[in-house]
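Presented sequentially are two complexes of chain A, the first with chain B as partner and the second with chain C.
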Partner chain A sequence: MDPRVVSELKKLLGAEAVLHRPEELLLYEYDGSVEIARPNCVAFPRTTSDVVGIVQIANRYQVPVVGRGAGTGLSGGALARQGGILVPFSRMNRILEVDAENQRATVQPGVVNADVSVAVAHLGLHFAPDPSSQRASTIGGNVSENSGGPHTLAYGVTTNHVLSLEVVLPTGEVVRLGSPALDSPGYDLPGLFVGSEGTLALVTEVTVKLTRLPEAVKTLLAIFDTVDDATETVVDITARGITPAACEMLDGWTIRAVEAYVHAGFPVDCAAVLLLEVDGLRQAVEQHAEDVADVCRLHHAREVRVARDEHERALLWKGRKNAFGAVGRLSPTYYVQDGVIPRTKLPDTLRRINEIGTKYGFEIGNIFHAGDGNLHPIILFDAREEEQFRRAVVTADEIIGFCIEMGGSITGEHGVGMEKDRLMPLLFSEDELNLMRRVRDAFNPAGLLNPGKIFPTTKGCGEIHVRPLPVAGASRA
Partner chain B sequence: MEHNPPQTHEDAQREFALTLSGFSATDKPEYEDYSRCVHCGLCSNNCPTYRLWGREADSPRGRIRQMALVDQGRLEIGETFVTHIDRCLNCRNCETVCPSGVEYGKILELARAQIEQKYKRPLTSRLLRDFVYRRLLPRPRRIAAAARFMRFYQSSGLASLARATGILRLLGLQDRERLLPKVDSTFFFTDLGKTFPAQGPQRARVAFFAGCVAQVTFSELNRATIRVLQANGCEVVVPAEQICCGALAAHAGVRDVARDLAQANFHAFRADDFDAIITNAAGCGSTLKEYAFLFAADGPNRADAEKFSAKVRDISEFLVDLGLVAPLRPVPMRVTYQDSCHLVHGQKIREAPRTLIRAIPSVEFVEMALSDLCCGSAGVYNVTQPKAALDLLTDKMNHAKQTKAQAILTANPGCILQLRAGAAIHNTGQEVLHVVELLDRALVKS
Partner chain C sequence: MSTAGATVGSRLADIVGPQHVITDPARLAAFAVDNEKPSAAVSPQSSAEIVEVVKFAAKDQLAIVATGARTKLGIGLPPRQYDIALDMTRLDRVVAYDPGDLTLSVEAGIPLRKLGGILAEHRQFLPLGVPYLSQTTIGGTIASGVDSPLRQMYGTARDYLLGMEFVTGEGVAAKSGGRVVKNVTGYDIHKLMIGALGTLGIITRINFKTFPTPSASRAFVATFQTVERACGMRNRVAQSPLAPMTMELFSPGVAGLFAGKAAAQIEPNSMPENVISGTRWTFTMGFSGNENTLKRYETDLHKMAEECGAVDLVVLSGSQIAAAFARKREFVPIALSSSPAATILKMSVLPMRMAEALATAARAAEANRLPWVAMARGVGVIYFAVLPTERNEEAKQQAAHASNQILAACAALGGQASIPWCPTEWKSALKVWGLERADFVQMQKLKNVFDPRGVLSPGRFAGGI
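Moving on to the complex of A and B:
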């Protein structure tokens, strides 16, 4: 990269806001995933015009620009795969306006998801999308990845809660997409940009929809002695036309890891639990909770517990939301997959995942948004052994392959990033991919924004075999 | 500078293979401990310094990664590493939120012990650290002498002179001067060796840990603590030979001094003789409870350390477990509580101080937003990193002001000093007290 890029960035942002020494860049080669890629420099904007300036410099020298929120992503979306300028939005983290009457808020992209809900809780409102990383992940990152979470079953994903966006296009133009109104005429451009994984523009302001906190919430924990009973319960609940606000499953293996951390009273000897939540008007909630509990019992639930108060409810959710991190207690490196299947295929799929694990010699934990058929198998491996990592990737690929066979998809919410670009041809024809490429090229013709993501590169499927090992466990100590 | 990231696994391996670990063999962060971090990043928004600067290098995940890089021989213990490890408050908020159970405080102290062994700080910094950690804190007489000098400065008019002439402002010290504690007229040293009888039937026999600097600046807090214990049926012994707990030294990576102090305390407090060893300083308590961590698992002092630590209780924890029996009179006052980091994150005690506050009749308790985020005091942090400490304090005082509380309660002398400075700088007019001081006020004195 031309060294003038760094000096121009320093002139624009001040020396303190630009990192370029190797030891500084080493801290931006990772995110929450197993991927590794290092930028040539890191630039911290504070305003939209800073972002415009960064994009202009990138254009002048034809270097890639990659946006980054909190770096909690699980597909390498916020990594500079082809080097260039990495742009963390951690210093653009102000809530600009809260309009309680119209139930919306305008925030900078670096605002943390949970902070939005905290800031408006006293108004009886919240921001509904609740990825498990919500305590740390940013609205900008959520928008780029179209994040989901346990409550997307009833509330929808991020795109359903974004009213308008201010973005900086790769040309340096600032445009506002959508409108604060619930529907705006013309193309649904916010819909196009949400989930575009930073390949169309850099987001500099987001107007989000705020949702009323439900009048009543009931959280149930159903405990099962077989995984099949749990998965069949999910199929049955939805077949009866009940839509819980959330329907999460953790298998026994995951529960044991989680319980060691949260002490929520999860039974460590069971095969699976369902964490179910119903919300809405008080009377309806009581009835729905009863109905849900009945279905669980019908499928041989050993026990159905109902959280008695907010404290118990928080504890149950703490277990779920920290599940991935808690796995770190079992192994320093793991690979979380993100696949989707029609929920009616849940029992078959889990059985198959188990078989695949046995075949490759891995124990695989399963934790997922059961209600919408979004699976997160967790494969533990030791990154110090290259062979294990390769085997973990093959295992994961086979699981994803099965998801597609079942009529599902390669990612539910973690994004394609640099993890699954090579799998895209399994889901889309070359014509379909080309159509998407043309959409990208309409906004990002030079390919400077987050290159090497979403679309399979010419290296094709062989590429996985030459990517660096994750570093967490790569110590030689 | 041109830098090409490794593009293949082989490149990456070659890069790892360049050099050996940058850590020396003793007191180093161990792979088994730091590799529990799965870099999920869920800690970042709970880290005060990440919130301030938004830089990975100043986040828990980034600091752990820097340690890993040193261990892998990919980063040297140089200015960059030292800067970011120094900037950590060691508040351990990240530990509270870490789903993987990384014991961050432990590996941070070991990283600092490595800096102590392998990095040559600038001369003034070296001299100062040597003076504070090795010559001042472990020596009660020197603490007393320094305190008398400061008392002279504060009472002779020199202080007002310095303020009035603007010398402090000129030197950029005006805010730091506000952080200085008011030196006590009667040092607590005079109470060492005394035994205070229980009022009413004796329910417990406890040893009181008096602290080091606290004995010249928080003597009244210490006396209040003893009164509250007595009123609740405790005989309180103040062992004469006790000495600084070594927390500040341990946090700074000066582990040999911390070990010496710990051993002196094992000797001074014969743990078998007491139901509990009580401290009113969350920072001390956290270290006292973790003395074992200073000694090798198979070493000769480990058992002493474990025996000692098993008896240590924070005053709030102890009183809640024991149950308050002393009659309390109403204290009509609106108060809020700032969690002391080493109580809530270090010792995992969140409810006990709140329980005590709510036990006082007529006290109106309001929670403050982000009460478990560090106020910037952090031991000597407000001296070593004054700018960051004051920035954190500004946020803290904004939240404190919003509660409209008349008093901010907390659980550690360092936090009290910082919050008092905050109340003065930001003109909030709020009183700052230790929880136990409010309890003392509520005691029905005979």
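Moving on to the complex of A and C:
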């Protein structure tokens, strides 16, 4: 990269807002995925006009620009795959406006997800999308990835809660998309930009909906002696039209990892638990909790515990939301998948994942958004051993292949990023990928914004890992 | 039959068979969009046939408007060019329905009423209580972007649409999204197609999340002396833990409209008497749940209504709800048929600014001597209908003045407005798509990607896209 990029960035932002020495860049070659890619420099904007300035410099020297929130993403979305300028939004972290009466908030992209809910809790409101990373991950990152979370089962994912965006296009233009009022006449541009993984624009301001906190909440822990009983329970709850606020499953292997770390009170001798939550009016919640517990018992739940107070409830959720941290203690590397299947296929799919794990010699843990059919199988391996890494990827690809065979998807909430780009042809035809490429090119014509993401890259295009080709169930079926 | 019609017709007949092509001008009148008649109407049965039709049109520089039940073709600007009506009603299959997963995939031409029947067998439904329900297709509903009173609880189509298949203006059959309830694979192109009037693609298949039918429901109705008080009731509910399924406010004139002949033709079940006031503002709210929950709603709502100064209040149940809901759902067609020149604005403002928006709109209509009625949804979306008694130049000028004032007022209140329905010959004098928007250029970029040659409904969309 032209050394003048760094000097121009320093002139624009001040020397303390630009990192470029190799030891400073180390931290920024990672995110929550198993990928690695090092930027040439890191620039921290404080204002929208700083972002415009960064984009203009990138244009002048034709270097890539990649936005970044907290770097908790699991698909390599916030990595500078082809080098260039990495732009963390951590200094644009102000809540600009809370309009409690209209249930809106306008925030900068670097605001941490949980901080929005904390800031409006005294008004009886919260920001509903709650990714497990919510204590670290930012609204900007959530918008880019269209993040979900346990409570999106009832409340919807990020895109359902975003009304308006201010974005900086790769040309340096600042554009406002959508409106704080509903139903802007015209194409649903926020609908397109949310979840576009930083390939269309850099987001500099977000107006979100705030949701009223429920009057009553009940959290249940249903304990099962077989995985099949737990998955059949989820199928039955869904089919009966009971929509809990959350319906999470942890298998025995994951529970034991979590208990050793968090001590959340999960029973370590069971095969699976369902963490279920119902919320709403007091009168409705009582009945809903009963209905849910009845279905669990019908499917041989050994025990259905109801959290007695806020402390117990918080502990159960702490166990769930720190599960990946717990798993991280067990192995040098883990690989989390994000496949989605129709809920009716849950029992078959969990059995198949187990078989695939056995076939490749991995124990696979499962902790996931069962109510949405959004799986997160965790494969533990040692990335330092090339053979293990390859085997882990083949295992993951076979699981994803099975999800596609079931009529599902390769990612429910983590994004395609640089991790699953090569799997896109399993879901989309060349025509469809070309159409999406043209949408990208319409806004990002020079391809400087987050290059090497979403779309399958061809060889020699700056790829960092040469990965084995996918072994997809779909293509062999 | 014109020569052009004959040539186009025979080419189309090669694609779909002659029995599925209409070139008789008398029959083509039914496909008119803003008085423009096409040279031919074609009824394909598959996405592959649509691809062929679009490729032919693109090559010969012809323009296509996709149609369903043809109930909402008046929305938008007149087409710049219109050669082929693409009748979607033969694509009317349920492709997949997995009640256990609460997911559904249907072809675009399926009538919404038929679909409702299929879902009802499994005690499920789509929250699309949209106008023209007895005729409309799912494709037309989505492409026109009309909304439903049920959006209060369930959101709009963008919130429960999982994926879509469509044919672009270059004749490329493509899809986005999928059939599972959570999915972030690729761009959400299907969201762009909602309300796009077919200007980006011809929707061929749509995947939805379905919902369990609520066990029991009631409706609460209260009347208020002023719009401020009625909106006060809306605000009071919004700040409570109650979770309404529907929430609407009606202006005093709506009572007459709902009791009238036009309403009876559209919805034969008669409106329960003395529910909507002819002289006051009416607040209505639907809710559901078990017996205890229903009681809780009734108690809380009575208390709130009294605090907010309600004049009288009533709780509806059973068939009364159905009759009242149907009128609310069909507000637009009822208003359209009640005046020779009905002009309906759709206003969006922040919910707390609704009283102001309604008062301003009322003043604008009255200053221009135009009768008006309004239905305001609790989420901040207002249908404001001006109902001139004559369809003439004077009324047009009055409607133009009033609507310009309303558009400006909405912008000042942090929102926006458009005029989805008005007489065709008034469209050049009215700002049909509202004030110009800052992101118009971005919309044009998308049109250039999906339909670079302007084959699909050219000119009908915002800014003449």
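Heads up, the rule we're going with is that the second predicted complex is superposed on the first by the 460 of 477 C-alpha atoms of A that agree within 3 Å, B and C clash if a C-alpha of one lies under 4 Å from a C-alpha of the other, contacts with A are read in each partner's own complex, and residues count from 1 in each chain.
In this text, a residue touches a chain if its C-beta (ideal position, glycine included) is under 8 Å from a C-beta of that chain, and two chains touch if they have at least 3 such contacts.
Here the structure is a predicted model, which means the values were calculated and not measured.
Participant: Using the overlay on chain A, decide if chain B and chain C clash or can fit next to each other.
Facilitator: Once both complexes are aligned on chain A, chain B and chain C fit side by side.
Participant: Does the superposition put A:Y334 against chain B (first), chain C (second), both, or neither?
Facilitator: Touch status of A:Y334: first partner only.
Participant: Pick one for A:A323: touches chain B only (first), chain C only (second), both, or neither.
Facilitator: first
Participant: Touch test for A:P180: chain B only (first), chain C only (second), both, or neither?
Facilitator: second
Participant: Give the label of whichever partner, chain B or chain C, reaches more residues of chain A.
Facilitator: C
Participant: Could you say whether A:R21 touches chain B, chain C, both of them, or neither, answering first, second, both or neither?
Facilitator: First partner only.
Participant: Closest pair of CA atoms, one in chain B and one in chain C, after superposing: how far apart in Å?
Facilitator: Superposition on chain A places chain B and chain C at a least C-alpha distance of 21 Å.
Participant: Which residues of chain A are in contact with chain B in one complex and with chain C in the other?
Facilitator: none
Participant: Which bits of chain C are touching chain A when the two form their complex?
Facilitator: 98-103, 123-124, 145, 147, 155-156, 158-159, 168, 172-176, 178-189, 191-192, 194-196, 200, 211-213, 235, 238-239, 241-243, 289-290, 292-293, 295-296, 346, 348-352, 379-381, 410, 414-418, 433-434, 437-440, 442-443, 445-446, 448-450, 461-462
Participant: Would you mind writing out the residues of chain B in touch with chain A in their complex?
Facilitator: Interface residues on chain B, with respect to chain A: 1-13, 16-17, 21, 23, 31, 35-46, 50, 54-57, 62, 65-66, 68-69, 71-75, 80-81, 97-102, 369.
Participant: Which of the residues in chain A end up touching chain B in this complex?
Facilitator: 1, 3, 6, 19-32, 36-40, 44, 70-72, 83, 88, 90-91, 93, 110, 112, 114-115, 118, 133, 135-137, 260-261, 322-329, 332-334, 386, 466-469, 471-477
Participant: Would you pull the chain A residues touching chain C in the complex into a rising list?
Facilitator: Touch list, chain A to chain C: 99, 101-104, 145-146, 148, 152, 156-157, 159-160, 175-177, 179-189, 191-192, 194-196, 212, 214-215, 235, 238-243, 280-284, 286-287, 340-344, 369, 372-374, 407-416, 424, 427-429, 431-432, 435-436, 438-440, 442-443, 454.
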